[in-house]
Amino acid sequence: MRFSVSVSGSTRGYILEVFAAHFQLPYLGPIGANGLANPRDFLCPVAWYEDKDVKGYQVVSKFQGHLFQAEQNHSPFDVVGWHGSYVPYKYNLALFMVVNAVQFDHCDPSIFTVLTCPSNRPGTAIADFVIFPPRWSVQENTFRPPYYHRNCMSEFMGLIFGNYEAKKEGFQPGGATLHSVMTPHGPDTQCFEEATNATLCPTRVADGTQAFMFESSLSLAVTKWGEETCQKLDKNYYKCWQGLKKHFNPKWQPDVL
Amino acid sequence: MRFSVSVSGSTRGYILEVFAAHFQLPYLGPIGANGLANPRDFLCPVAWYEDKDVKGYQVVSKFQGHLFQAEQNHSPFDVVGWHGSYVPYKYNLALFMVVNAVQFDHCDPSIFTVLTCPSNRPGTAIADFVIFPPRWSVQENTFRPPYYHRNCMSEFMGLIFGNYEAKKEGFQPGGATLHSVMTPHGPDTQCFEEATNATLCPTRVADGTQAFMFESSLSLAVTKWGEETCQKLDKNYYKCWQGLKKHFNPKWQPDVL
Amino acid sequence: MRFSVSVSGSTRGYILEVFAAHFQLPYLGPIGANGLANPRDFLCPVAWYEDKDVKGYQVVSKFQGHLFQAEQNHSPFDVVGWHGSYVPYKYNLALFMVVNAVQFDHCDPSIFTVLTCPSNRPGTAIADFVIFPPRWSVQENTFRPPYYHRNCMSEFMGLIFGNYEAKKEGFQPGGATLHSVMTPHGPDTQCFEEATNATLCPTRVADGTQAFMFESSLSLAVTKWGEETCQKLDKNYYKCWQGLKKHFNPKWQPDVL
Amino acid sequence: MRFSVSVSGSTRGYILEVFAAHFQLPYLGPIGANGLANPRDFLCPVAWYEDKDVKGYQVVSKFQGHLFQAEQNHSPFDVVGWHGSYVPYKYNLALFMVVNAVQFDHCDPSIFTVLTCPSNRPGTAIADFVIFPPRWSVQENTFRPPYYHRNCMSEFMGLIFGNYEAKKEGFQPGGATLHSVMTPHGPDTQCFEEATNATLCPTRVADGTQAFMFESSLSLAVTKWGEETCQKLDKNYYKCWQGLKKHFNPKWQPDVL
Amino acid sequence: MRFSVSVSGSTRGYILEVFAAHFQLPYLGPIGANGLANPRDFLCPVAWYEDKDVKGYQVVSKFQGHLFQAEQNHSPFDVVGWHGSYVPYKYNLALFMVVNAVQFDHCDPSIFTVLTCPSNRPGTAIADFVIFPPRWSVQENTFRPPYYHRNCMSEFMGLIFGNYEAKKEGFQPGGATLHSVMTPHGPDTQCFEEATNATLCPTRVADGTQAFMFESSLSLAVTKWGEETCQKLDKNYYKCWQGLKKHFNPKWQPDVL
Amino acid sequence: MRFSVSVSGSTRGYILEVFAAHFQLPYLGPIGANGLANPRDFLCPVAWYEDKDVKGYQVVSKFQGHLFQAEQNHSPFDVVGWHGSYVPYKYNLALFMVVNAVQFDHCDPSIFTVLTCPSNRPGTAIADFVIFPPRWSVQENTFRPPYYHRNCMSEFMGLIFGNYEAKKEGFQPGGATLHSVMTPHGPDTQCFEEATNATLCPTRVADGTQAFMFESSLSLAVTKWGEETCQKLDKNYYKCWQGLKKHFNPKWQPDVL
């Protein structure tokens, strides 16, 4: 697939490339025939061409993990017509029909899956694309932020704009966190204290933000650029959990129902 | 399976018998590994026996749609121990972890599936057991009651206690409605008018009620007892929709976004 | 689905109604990603409505094998918009991309499958819709007409216009033949004699005709109207095979290769 | 599996070794129960042995990509009898029952699949063995040679004897071409010009030749021997497309039908 | 399929006709690639014909549950050659490679499955053909005869020759028992008493007998001929269990291990 | 999963770590609903915690094939409660319900599968855990020890206590043998001679021993420690087959049956 990207000013973005399969809408299960990302909201281009002779048009291709460059004397954007279903598409995340718990308990974050690229093993994804969209939060008797967990997926989170609900400081738009397979993690100390003591009435969550997650059953390697060259690594990240205190009381009993 | 039912006073209940397969938890899809009815909340009995000689103990069996009766001289409740997974179970509907839309749109009612008895054709159920549990309703820009629809399933609804949200009058606990395959239906006139004009803030729905649905891809026949003998048929049911008015305006335009 | 049919003059047609599943394009196997009926050639309507008050508009519905009739005071054609993929469609049979043997042997007629309605048993169809389109016939060392066979499918053939290649007389447009499950059949005597003795050069077949087949793994019942009332049954059909002679010679040997 | 190869004179051949699975006949889809390579035409040996003491019989084995050599004092060909279905087999390519388009359009080359070795991902092959057999070509209003394309498979083509239809010069028996995954390719200039201007009547194709393709969803690495040592690399291969001219005319309109 | 049966003297046999699918070898699971009925032991005929003109040759066919009779003037046994895999076959039950428990416990009778005709629901058979072959019985600390059970299959048992192990009297060769779906059954009183008190050393079982079972997930109807006309119904069958005594002792404890 | 291992004295054991999937019970096929390792015999712990502050508690973790060590100031054994099905478990091998041939022939060793970790390719395991339990051996007209074979699995055998039946000397408890994919192997000379000449009456096998096999469709690499450092490699292993003699007689005929 040939594409060009035109930007103005300094620009950052996130790219996820998957191998072996394609992204598809998740099978919705009891959510039914409608919900989450609806097929009708994905937009794809019509055929388009420019019949243009260009001296030294450079095309950069990726093949087997390497970049190759070739020159040609005409534009590669010459699609006069096409049939089939492999097309570039775009999707407005604001159209995501959000589903979540409306009585008690915290849903698995898979409830926010926009697209999934399934692996050969049923139930395991090469990658899921998950968002944390603006929504009502109404669960009662529940710890509402993401729970503390370790799991069998790599979680790469990014933030497009706004503040992420579980870590209000130090996680900027254009930034990213990576929690590798089986690495335990959860909200920072401040978030834990606030959520534990909050009165749980209906509240809007994530208005004005756009956080997302690339989640994979594979481990993600970080490039040397990412670990060193860019000098953006937050070496104090672990400290956000240092203030958490032990609350365990072996003598605690539930109230009589 | 042998069972006896002990009741005190006049008592009504609902029974659903399925053939060809068993009820199972639905595959949750993006809801994840937890949610809706959780496996840990189903309770089953331990082995139990009564070592009792009883003269003329009558056992009524159902075989091929007919009832047979036999006498024996001891109690049939003689299970000293067992292995396996075919057991009677009970489930407290209040433990259903309710999931629903928390931004906009009305979810398919399958979102409330407690148990499903799948047919041989993937995606089609011999019967689903669905409930309408107490929950928060927060959807914005949405018609919140069940939408008007016709579908490929028979819908048998019942009410255990309280008032059903989409038909507040004329649908009593112990009663039932049946909307057959491809029969169009939806809320009554009063419910439509109220829901259309309501201000959509977070609201509790169905508190103090317990409505449910048996939904099947097969047509359900009504017995002569149900249609005539019992003299309980509501012959004016169709009138609940008579007051609905045409609201269509071909010149209507959405507001500019 | 509501529809009305407008015809002018005396008109005949064929209708096939399937239960339990829907028609779909067959999985093409080695034919690849393109071929036979291509998805892009199926046309479906856009949303359409008539906002019309009509006194005594009669709608006839079919439910559980019976016809019901109701009156309403407006047109049922009120689809202002819709989402989803269950729509009426039409397909121009002339766009069928015909595939067949191009060296020797006679392909199974499934090679002409336009649409299939699969049953629950893989490889077995509730019904296939098959056509015999205009095409080149080039097989060498082969008996080119349909071979003599009995099979596990009911074959209902019809002719829209022209002459059917394997029975040039007595099979008129608007007519039909039915060969039930496991009933042996094949070309008539004249067709056999001609095909056996013909020189096999490339020939156009079925130009100017449009024959088709409804093929089902179920047995088809013929109505009393079809067997008697219509007085169109061809009681001499079996005679078309009476002239076939025994050609078996136990002493025959293939030529030395 | 032990085997020995006896040749006389200078000899070349093609070998394809697959891992993880075995070759099997493709599922035929609408082609039906018969066609392409038929099971009955695969020949396998009967049990055979030589009860022979041989001093220093050398057996070369391949294990984990390496060759090992051992000596033993008897012949390894000692199969006195066997049960099972893993056997060497041979197949006469002339018995391939060729299927192709007989009205218009160019079929996907998968239509010529002899054997496929499926991967774990449905629809994706570790390798397909495809041939381009002698056949009638009758498609009308169609560019008959292989179309210009790039695809998700590696295409390794070889020629056993004769001239390949899409590249009459420079592609000799015993030679091979490799078009890697996603590399665009198609007929040479001469083939394009001839096919574009030819009158499309029924024509025999590929008589007296035997070209084939090993097609894989994996990338094929070329050994140093293949790239350099053998000195057989055709460094001017790309020039066969240099003569292709732009034929695009944005003002072109189809004739009125 | 055409067949004729030639018998001499008074003859009885068992016939099982299945619909919707064919008999096949069961998937062996941990038994592995070999065992139970091995594919190599099924024998099928070679092509055979009689080129015979016969006046008034009567052929009786079964179609849709009815018998039809036709006359023709030649033998129907005219198979000069054939390709494919739908053939009549025979299998010598003595070649069944018997597998069973060799340490403790009683295996499910499915361990003796010769052929199964699967239904559309995985794990459920239209019919299984099961035998009780001559074998060693060595289980220790186990009740060795068939255990008392009720199950979701109809069990039709027959005896070809010898004495059936679990009911030595009253079950003659050529006879049959039918235990319908969910009907409890098990060995007769004598068998129970002997097996409970026997010393469990290695013993030959079923030598000189040939019992079998047709087991189906469907209910089997008995014809009027079978219930009345033949006058062979054993009205005292139930008495074989009358002598069974209660052995339950609520105070029983296992010996200390 | 956090665990600690406490041993007393010098101790050896076997560990098998699988990737990509989990161990599960094999699908039993005709063995039925019960047999081999029964679900009820797997034991798992209840939740357990120690609420203990420990200075410098060292936790060693394995991640991506490397070991990492961290210090913390409290015990990691703090499971106060849990839900779900991923738990450590133990199984008493003496409870394995052994199934085997009880008339003739030698079953595939898969008949002894305790647990299997399936790969993505149906029928192929990442690893099987197989045991050779105490049992009766009763096959007649059969070579009872493991047969000579080469197969597509790596076989890693170990011995927990006692003597292995097919190699009585030189295979000690705590030792192991590895027969790689496609490496031919079988009993040693002594075992062959004894088994060939033995009278085949019912015999107890493997009493007082506990041998097992890790079997994998993947090749197993041996570490440098295993090949050299430990100095435990049996360089004379191959000699156990040197004494095997040729018994083939081309003129041998089976006795007339």
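Letters A, B, C, D, E and F mark the chains in the order given here, with residues in each chain numbered from 1 onward.
Just so we're on the same page, a contact is a pair of C-beta atoms (placed from the backbone, for glycine too) under 8 Å apart; a residue touches a chain by one contact, two chains touch by 3 or more.
Nothing here was measured: the structure is a model prediction, and the numbers come from that model.
S.K.: From the options A-F, A-B or B-C, choose the one that repeats interface E-F, i.e. more than half of its residue-numbered contact pairs are shared.
M.R.: A-B
S.K.: Hey, which pair has more contacts between C-betas, A-B or B-E?
M.R.: Most contacts of the two pairs: A-B.
S.K.: From the centre of chain B, which chain's CA centre is farthest?
M.R.: If we average the C-alpha coordinates per chain, D ends up farthest from chain B.
S.K.: Looking at C-alpha means, what's the farthest chain from chain A?
M.R.: The most remote chain is E.
S.K.: Based only on mean CA positions, could you tell me how far chain C sits from chain D in angstrom?
M.R.: Taking the average C-alpha coordinate of chain C and of chain D, the gap between them is 36 Å.
S.K.: So the centre of each chain is just the mean of its C-alpha atoms; given that, what is the distance between chain A and chain D in Å?
M.R.: The answer is 43 Å.
S.K.: Where the centres are mean C-alpha positions, what is the separation of chain D from chain E, in Å?
M.R.: Here the centre of chain E sits 49 Å away from the centre of chain D.
S.K.: Would you give the residues of chain B that are in contact with at least 2 other chains, written as numbers and ranges?
M.R.: Correct list: 33-34, 120.
S.K.: With touch defined as at the start, can you tell me which chain C residues reach chain B in the complex?
M.R.: Interface residues on chain C, with respect to chain B: 20-21, 51, 63-64, 74, 78, 80, 120.
S.K.: Which stretch or stretches of chain D touch chain A in the complex?
M.R.: For chain D paired with chain A, touching residues are 120-121, 180-182, 219, 246, 248, 250.
S.K.: So in the complex, which bits of chain D are touching chain C?
M.R.: Going through chain D, the ones touching chain C are 26-36, 96-105, 107-113, 133-138, 202.
S.K.: Applying the document's contact rule, which stretches of chain D touch chain E when the two form their complex?
M.R.: Counting only chain D, the residues touching chain E are 33-34, 38, 40, 83-84.
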